[in-house]
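Below is the structure I would like to discuss, written out as structure tokens.
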Amino acid sequence: MHTLLALEEKVGTVSETIADAAAAIQQSQSLVLVSGLTIFMLAVFLGIELIAKIPPTLHTPLMSGSNAISGITLVGAILASGTDHGGFATFLGFLAVVMATVNVVGGFLVTHRMLQKFKR
Amino acid sequence: MHTLLALEEKVGTVSETIADAAAAIQQSQSLVLVSGLTIFMLAVFLGIELIAKIPPTLHTPLMSGSNAISGITLVGAILASGTDHGGFATFLGFLAVVMATVNVVGGFLVTHRMLQKFKR
Amino acid sequence: MSPVWINLSYLVSAIFFILGLKGMTRPKTAVRGNLYGSLGMLIAVIATLLAAEVVSYVWIIVGVLVGGGIGTYFAITIKMEKMPEMVALFNGFGGAASVFVAGGDLWLRGALPPESMSTSVIFSTALAGIIGAVTLTGSLIAFGKLAEFRFIKKLKPLPGQQVINGALAMLLVALTAVMVNNPGSGWYWLIVLIALALGYLLTISIGGADMPVVIALLNSYSGLAAAATGFVLGNSVLIIAGSLVGASGLILTQVMCKAMNRSLPAVLFGSLGPAADGPSADEVYTNVKSTSADEVAMLMEVASSVVIVPGYGMAVAQAQHAVRDLTNMLRERDINVTFGIHPVAGRMPGHMNVLLAEADIPYDLLKEMDETNSEIEQTDICLVIGANDTVNPDARTNPNSPIAGMPIINADKAKTCVVIKRSLSPGFAGIPNPLFSADNALMLFGDGKQAVNDIIAAIKEG
Amino acid sequence: MSPVWINLSYLVSAIFFILGLKGMTRPKTAVRGNLYGSLGMLIAVIATLLAAEVVSYVWIIVGVLVGGGIGTYFAITIKMEKMPEMVALFNGFGGAASVFVAGGDLWLRGALPPESMSTSVIFSTALAGIIGAVTLTGSLIAFGKLAEFRFIKKLKPLPGQQVINGALAMLLVALTAVMVNNPGSGWYWLIVLIALALGYLLTISIGGADMPVVIALLNSYSGLAAAATGFVLGNSVLIIAGSLVGASGLILTQVMCKAMNRSLPAVLFGSLGPAADGPSADEVYTNVKSTSADEVAMLMEVASSVVIVPGYGMAVAQAQHAVRDLTNMLRERDINVTFGIHPVAGRMPGHMNVLLAEADIPYDLLKEMDETNSEIEQTDICLVIGANDTVNPDARTNPNSPIAGMPIINADKAKTCVVIKRSLSPGFAGIPNPLFSADNALMLFGDGKQAVNDIIAAIKEG
């Protein structure tokens, strides 16, 4: 009985700890959101400051280059198509990989081609 | 005995879960560091871009104003002096609160006083 | 790699994206900036491939090979004047990728315990779907319009379209709320469908002088879609890269709005209707005087200043190298030659600059619109090559014109204005141009390249 | 408030800091920018007060009242020419606060389970201590130098100081490593002590033309210390605000280095030694010609262009209002008056601009150094008021001078140069100035304000 009691007690504290941990995890999830928002805010301000000074000459290359950067979704596509759970997600991931790669590779290449002309 | 066994089993899985949770927490701690670094990086770039265009006229007010902003340590000071654990930490926190407040209040005020002159 | 290392790699990749964008703001550093950007992408992709979640590589490799092949092929073979279309198409692909990634993630979460479906994640998923889908159809329509496909021109906005758009937007908000409370792939795809329709409707009704604004806006959207996907996956590099692009697109949108003298709401929800009260081509073209290359050559020989105003037609005719030769020839004869670059000449912001740079025409001859306009009355000859809407005085004088209020290059105010184009057919906005029958205007009909070469030959002979 | 809401408030506060800094870069928006900054601070402080961790308010309230009182008192009563000292002192306080916060946090962690002592947290703690302590003593010394305390001037760098500094820096690295492996408050305070010594030694040896760089650098440090504290506490608003300030200080440092024609390493580890081979005052001042207000007035009456070069002495004499009156008077007589502003005139970057703005002297009369120098040879009278080092031609001609290489305003190249100061005593850098015995130079000895008023009176009479 003694052992049983001790065990029950242990289970009790253990459950509490788990509850605590779960709460902490949930908390930290929300904090991940907040830090995501913080990062978003900073990047938006930074983007605005970076581009504010761009001369008209570079509008076209900037659009095509930044468009290539927005192909960063490729990272998400790889994550989606690379999981083992397969099926529909892999299919969607595959489509996304194809499209994002077109965007990335085509975008950077064509920008490079254009900018070559600006070099003297 | 049946209950005992079940309980022991429970404790077993429970400990595993706890270990998992602990690992997750540690992981998330490191990720907090990484997101801190990300925020730091973005803010540094942003600071550089923001200030790059400042005219010499505003060098003095900028220094005194940004100096006041660096008094944000006040937030940390409040956290340190407001805990219940008291003693040495409270004392350090109190000192920090005083100094940071001088920095903040004095800094913003004197900047305001200076900038008034720039208004037309 | 452990999550921490992966995230540190993402940090490095984000730094390269920032340096890349920064580099792209100056001609000297632009090439390097683009390389930095692609390096950042490479780092992010490699780090992701090494993530623990990624276990099967087959489809990734196939996808990258297929996508890379297509991208490379188009990037290398596309002609410079077609580039705007291609960029629009690529932009649409980016939006589509966000739709699929968010959808795939949602599907995977279906198998996980419900805690993984936090409100913010589901909300971000819906957002990624909406922005991505709007970007997709919007870009496809823009692509069609830029490529000047016939059938796109035939697609007319529905009557009461404003109301329909508003209703669809409300519906999207409502469905998002439903989905947040009741996460499921079904709702997601419904949302995506509606957003696809919205993207189509929003873009189909925008035309003429407003397209540059829309193109910049779609650029911004593709970034925002990526950022929303970043919130779905809790992935900082997606958030950073996406919002950098979103912000830069927003700034460009603003720049375009200013250049077109439009407000953003006016572009998005502005008056539609094909300006039925505009004069017809027959009314306008009563006094058109046609000229020959020889006559133009003679005019040039006695001129002391020439302003060349290039437009989309110069790109179509691939005339930029011929134009450079003409420029050099005139400058050798001590004639002052400058170029008047309208901010939306061509089919993409800054398009003319790229084309003229391609032909090695020195930067310092390229003047912005305002500068050109301030000197145009003292200019002997304004040579318009394949430009139309950007020199249409209706924008200045006719408040009912679809391009009313758009600043133009005042070619009609030069002492003599010579216009090179193949016919009297209209430009992108589809409206007649009173410049062509102005008293001081002479039309040199013909293909842009041929006409310029004819002028060169005539000057050599003369 | 729950942590999420607090962090959202911090986000809002960070936005205000960004808008604030952005505003401070343009004269028109600077006042608003400063208000935004203080609003951001208010939000951050209130959110923190509502945090669950904060349970006892007594010491906080007392601390805020005491600190706020002191800050307000000084901010309101300080004279404009003393402001540089005060900003330096405040800066030091910021550094000290970081030291105490990091120390307090470490002490609190001592009571928690060892997991809370992650490597990165301890490392950040050490970093906050080091940067904060260097900022503290560095700023105190800068304060003393700017206030020109006697005893600070007497403090001489130790022989072989470079080596000592290097050794201390190494020691700090080693102790940080020890502390990371073996967290404890003892190690922390040892590190702080050594860093205090390092801050003292680094700053005490820097003088003359290099002080502006150091002041900007210390400004940057105070931000970096706050950012390090942010890593200790895992607090994003500290990281953001701190690194914004750190970055802006870094940019200013670079600007100052450029203005002084110095490289940052040269400033920090540069040649010390009081340039013993410079000429003595007696050697230099052989040909000093003294003048009177009447004579200056007569010169002014026939001049067509006057450049006024203000320096720290104008601030000390509070002469800026008199200078404005003189300016207005001369301009009424159709004499072209401009001001030549040296970037480091006064005791803080941009100090002169603040003083002249205080006296309502129009912006557009204020010219930067380069512009003034390009026109100085056509200038009839260069009126130097309380400037010394910034018009010392030794910087241009004597490579052994402690200010060698610093760009100066070439007052000696004007047709006539009139210098107002009280005596032949040196400026901040403590060296004689050959300008004062140049052939075209006239000295008007006296207090700046009095002398300018005398000139005004003489012109009125004449």
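Going in written order, the chains are labelled A, B, C and D, and every chain counts its residues from 1.
Rule of thumb we're sticking to: contacts are C-beta pairs under 8 Å (C-beta built on N, C-alpha and C of every residue); 3 or more make two chains touch, one makes a residue touch a chain.
None of the values given here were measured: they were computed from a predicted structure.
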Set of chains whose contacts include both chain D and chain A: B
Of B-C and B-D, whichever chain pair has more C-beta contact pairs: B-D
Taking each chain's centre as the mean of its C-alpha atoms, give the chain farthest from chain B. C
Rounded to the nearest Å, the gap between Cα centres of chain B and chain C is 42
Whole-angstrom distance, CA centroid of chain C to CA centroid of chain D, is 47
Chain A to chain C: how many Å between their CA centres? 26
Could you tell me which residues belong to chain D and also touch two or more other chains? 18, 236, 240
Touching two or more other chains in chain A are residues 30-33, 35, 38-39, 42-43, 45-46, 50
Spell out the part of chain A that touches chain D in their complex, as residue ranges. 27, 30-31, 33-35, 37-38, 41-42, 45
Given the complex, residues on chain B that touch chain A span 3-4, 7-8, 10-11, 14-15, 17-18, 21-22, 24-25, 28, 31-32, 35, 38-39, 42-43, 45-46, 49-50
Chain C to chain B touching residues, read off their complex: 3-4, 7-8, 10-11, 14-15, 18, 236, 240
Write out the stretch or stretches of chain C touching chain A in their complex. 17-18, 20-22, 24-27, 30-31, 33-35, 37-38, 40-41, 44-45, 48-49, 51, 53-57, 59-60, 62-64, 66-68, 70-72, 74-76, 78, 80, 83-84, 86-87, 90-91, 93-94, 96-98, 100-105, 107-108, 111, 115, 118, 120, 215-216, 219, 222-223, 225-227, 229-252, 255, 341, 343, 348-351, 353-354, 357-358, 363, 366, 368
Contacting residues of chain B [partner chain D, same complex]: 26, 29-30, 32-33, 36, 39-40, 43-48, 50-90, 92-119
